[in-house]
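Look at the two complexes coming up: subunit A is in both, with subunit B in one and subunit C in the other.
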Partner chain A sequence: MSAMLEVRGLSVSYGGLRAVDGVSLEVRPGEIVSIIGMNGAGKTSILNAVSGILAPEGGEILFEGESIGGLPAYAVVARGIVQVPEGRLIFGTLSVEENLSVAAHQRSGFMLRRRDRPDLRRLFPALADKLDRPAAGLSGGEAQMLALARGLESGPRLLLLDEPSLGLSPKLSTEVFGLIRRLREQGITILLVEQNVRRTLALADRAYVLESGRITLHGSAAELMSDERLVSNYMGVSAPDSSNSD
Partner chain B sequence: MDDYVITVLSNIAMISFIALSAYLLLITGEISFGQQAYFGLSAYAAGAATTMFALPIWAGILIGACVAGFVAMAVGALTLRLSGLYFSISTLAFAEMVRLILLIVQVQVEVDGEMVGPDGANGFHDIRWMFERNISLTEFMLFIYGLLALVLIALLLVERSRLGSVFRMLGSDDLLTEMQGLNTVRYRILAAGMAGAVAGVGGALYAHFTTYVEPQFFNVMLGVHALAYGLIGGLGTAFGPLIGVAIDVGFLEAVRFIQGYRMIVFGGLVAVLLIFMPRGILDEERVHRLKTLFSRWSHARAQGR
Partner chain C sequence: MIDFVQNTVDGIMFGSSYALLAIGFTIVFGVMRRLNLAFGATIMLGAYAGTWLHVHHEVNLVVVALTTLACTVLAGIYVERLCFHAVRRDAALASMVSSFVIWMQLEEVAIHLLPERTYAFPSLFIAGSFEIGPLLFRGEQTTMLVLAAVMVGALHLLLQRTRYGLALRAICENPRAADYMGIDTPRVMLCAFALVSLIGGVAGYTILATDEQITPFFGLWATFKGLIAMMLGGMGSLPGAILGGLVLGVVEAHALWYLGNEYKDLSAYVLLFAMLVLRPGGFMGQRILGREELAFRRV
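Coming up: the complex of A and B.
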């Protein structure tokens, strides 16, 4: 099966410091692929380069065979790649409905708003009842759900998720992981960056281990689960609520 | 009503246009010190349309608003890629440039044996469309308020629309807005054009209300006031800047004993509000609470019947 997303020799630097150093990875249609690594390993930088927020210094990014490296972020979304950024970034002064309405922009009219949201009610029942509330008043879990729901409004074929369970209670984390599974069942391909290695490997098809900007290990989730070095390095120390990744 | 009251009320309405113009940019997160340029450009363009080309006033207003809107979009295309402070400074520089150019522009033509048109530092006199048609000050005031109501309704509709959400998103997080698949520069240019056109409507009306305009009126103080109105009245709804104008032009000008201290009182008011209500009296939160109250009230009323 040919790759949906193909990253070849990607390098990203911040002010002379190389955050991502010659990373190659691929995501095939329908897969959940995960990037695992410590804080500062460069996971978010890879996502940001794919979604057009960071200009790659070197290497190629191909989406469905076409180069998207260096495209502006909005144009990458138009291709069907949507990133849900880390930290539950939502527009606090806007209502829940307004947060959602804008992303749907590409799929329907300019001035119109949609009132019925059957998809939302099915996947995010807690949000569907709070459409008129200001987003700033949502709880952490609801805010993460809103960030995910908003990402879905753009109609992604490839969803880039950056630490979706970060800072959430175990119960809410379970909900988020369950949701990711349902999204895959709907045919959305997912590239997932997570700190919660054990749960991520239980969910993902394949994973890449990133250390200091380089891929040091990759394979199927089952293979990695039984890799002694990975287990001792990450699962022993993986803190579910560490504050920041990059 | 005596002419003084009519003039004050008309001023409130005409200044409201430039306040709404600055407000539209404020909600997208841009601070422009140059909206007076579009007010002035349109005053000149509309004045030229009705005097030099003998067009009716609605055509003058339309031309003025279009000139202001397109110039604002062109300026926006050049400057909106600049971030925050640099954008603000460039708007100020542009507005001063416009004012200085208007000081030297002399394009006069003879109409019915009289020379009409911009006359450099002497300003642009005899924009008498209203008086030639025996339209009273009161009637013209009502016309101004009618247009203000139209512009206000249009802005309120925009705020309720998806476009309004995009504008507010731009004001809160540019990068996150871009990640929604929105070309932020394009939306900013659109906002700049709309803001320019709104200021333009006010400028065109101003030229015809006062019958003459001079570049000195469109100095930076007008632009700074326009910004302050939104910050006082609130950035949560388009009614906010109108409250700001009413407080300054209406209250402070009407209360005689403040007269000599008006700028001091106004400046103090802005400072105090910025400390205690950084997004103005009607900020997003209060607007939301008012909306909730109103919908509960109308719901209760509907059930009572």
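Coming up: the complex of A and C.
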């Protein structure tokens, strides 16, 4: 099967420092692929380069065979790639409904119309009852659900998830990971960045390990799970899920 | 007592155009966190283009009005491309300084277009006045108020009910998040500038049609009135801009009546000074702070 997303020799600099240095990776249709690594390893920079938030310094990014490197973010979204950013970045002054409508910007007509959202009720029942509330009043878990729901609004084929379980309780993390699995069942391909290595490897098909901007290890999730170096480096520190903060 | 009520009514009517000017500054400030100092100058240039047609070709009122609006919008787009689009998002000061430079440039253009100091500006055809009880309503000022109310209503609908309005509000709160949502931010900002220029053009046209004359200093005057009204209301708040404009109009009307013409502009500065000392955030300042706090608490 050919790759849906192919990144070749990607370099990204951020604030004068080279955050990503010659990274190559690929994501095939229907896969959940994960990038794991410490804080500051360059995981978010890779996602931001793919989604057009950061301009790549070198290398190629191909989506379904076409180069998308350096395109502005709105053009990347138009092609079917949506990033759910770290820290959720929901619009607190807008209502839940408006948050969803903003994300559907490219698909909606000039006048906003309240749409039926059968998927929302099925996947995010807690949000469906709070459509008219200001998003600032949501709890942390609900805010993360809204960030995910918002990511789906423009009908993406590839979803880039940046630390979706960050700051959530173990119970809510379980819910988020379950949701990611359900999204894949719906045919959405997922590139996932996470610090919670154990849970991520249990969910992903394949994973890449990123250290100081370079890929040092990659393979199927099962292979990596039995890799001793990885286990000692990452599993130890990632045990309590809710202690992540930055 | 009747004088007081009459002055207040006059003030509200004239203040409605101050409110439009303040809205122009507020939208750009709210969306971009930057001050567009060339705003008054773009309106002045648009009005000069209208006056030029009137002076040299004796076109009718409708053509003058449409030319004023069209040229204000074009000048606004010119300022956006040069001082805002071309300047990095985090370089707010560069935008402010370059828009000041464009202000000077537009003033030069206007002076070359019409070299004498003062020109007559065609007054509105609704020149008559009417009375309701003891109160007198002048035709131009009533037109001003009605037009301003229509503009504010249309703006409200646009912001609340259309996808561009929603995108604008989203960019206002968090431009970065709006990028992630697939919003074409540069295009929305260009539309915002065109919209703001249109609002400013309407304000400028009705003010000049009431004054029946135009000088190159109109840009400076509009900038002062708009900025003062915006600061009275609270930077970045649309209801604040409207309230600020109306209060400014009312205070000026009373100063004109009770103290005389030379105190009219002075009263505006005294009002701003008092506001900055007593309530530096403006009428709506606290609410803006509260809203931002709410927005960032969850991030």
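Assorted remarks:
By definition in this document, the second predicted complex is superposed on the first by the 235 of 246 C-alpha atoms of A that agree within 3 Å, B and C clash if a C-alpha of one lies under 4 Å from a C-alpha of the other, contacts with A are read in each partner's own complex, and residues count from 1 in each chain.
Rule of thumb we're sticking to: a contact is a pair of C-beta atoms (placed from the backbone, for glycine too) under 8 Å apart; a residue touches a chain by one contact, two chains touch by 3 or more.
No experiment lies behind these values; they were computed from the predicted model shown.
After superposition on subunit A, the partners subunit B and subunit C are seen to clash. Residue contacts after overlaying the shared chain place A:Arg88 against subunit C, while subunit B stays out of touching range.
After overlaying the two complexes on the shared chain, residue contacts for A:Gly9 are found with neither subunit B nor subunit C. Once the two complexes are overlaid on the shared chain, A:Leu138 sits against subunit C while remaining clear of subunit B.
In the superposed model, A:Gly178 makes contact with neither subunit B nor subunit C.
Contacts of A:Pro125 after superposition: neither subunit B nor subunit C is touched.
Common to the subunit B-facing and subunit C-facing surfaces of subunit A are residues 51, 53, 72-74, 77-78, 82-83, 85, 89, 91-94, 98, 101-103, 105-106, 110-112, 134, 150, 154. Contact residues on subunit A toward subunit C in their complex (touch as defined above): 51, 53, 72-74, 76-78, 82-85, 87-94, 98, 101-103, 105-106, 108-112, 134-136, 138, 140, 143, 150, 154.
Listed in rising order, the residues of subunit C touching subunit A in the complex are 161-164, 166-167, 169-170, 173-174, 176-185, 291, 294-299.
Taken together, the subunit B residues at the contact with subunit A in this complex read 157, 160-163, 165-166, 168-169, 172-173, 175-184, 284-285, 288, 292. For subunit A in complex with subunit B, the residues that touch the partner chain are 51, 53, 72-75, 77-78, 82-83, 85, 89, 91-95, 98-99, 101-103, 105-106, 110-113, 132, 134, 150, 154.
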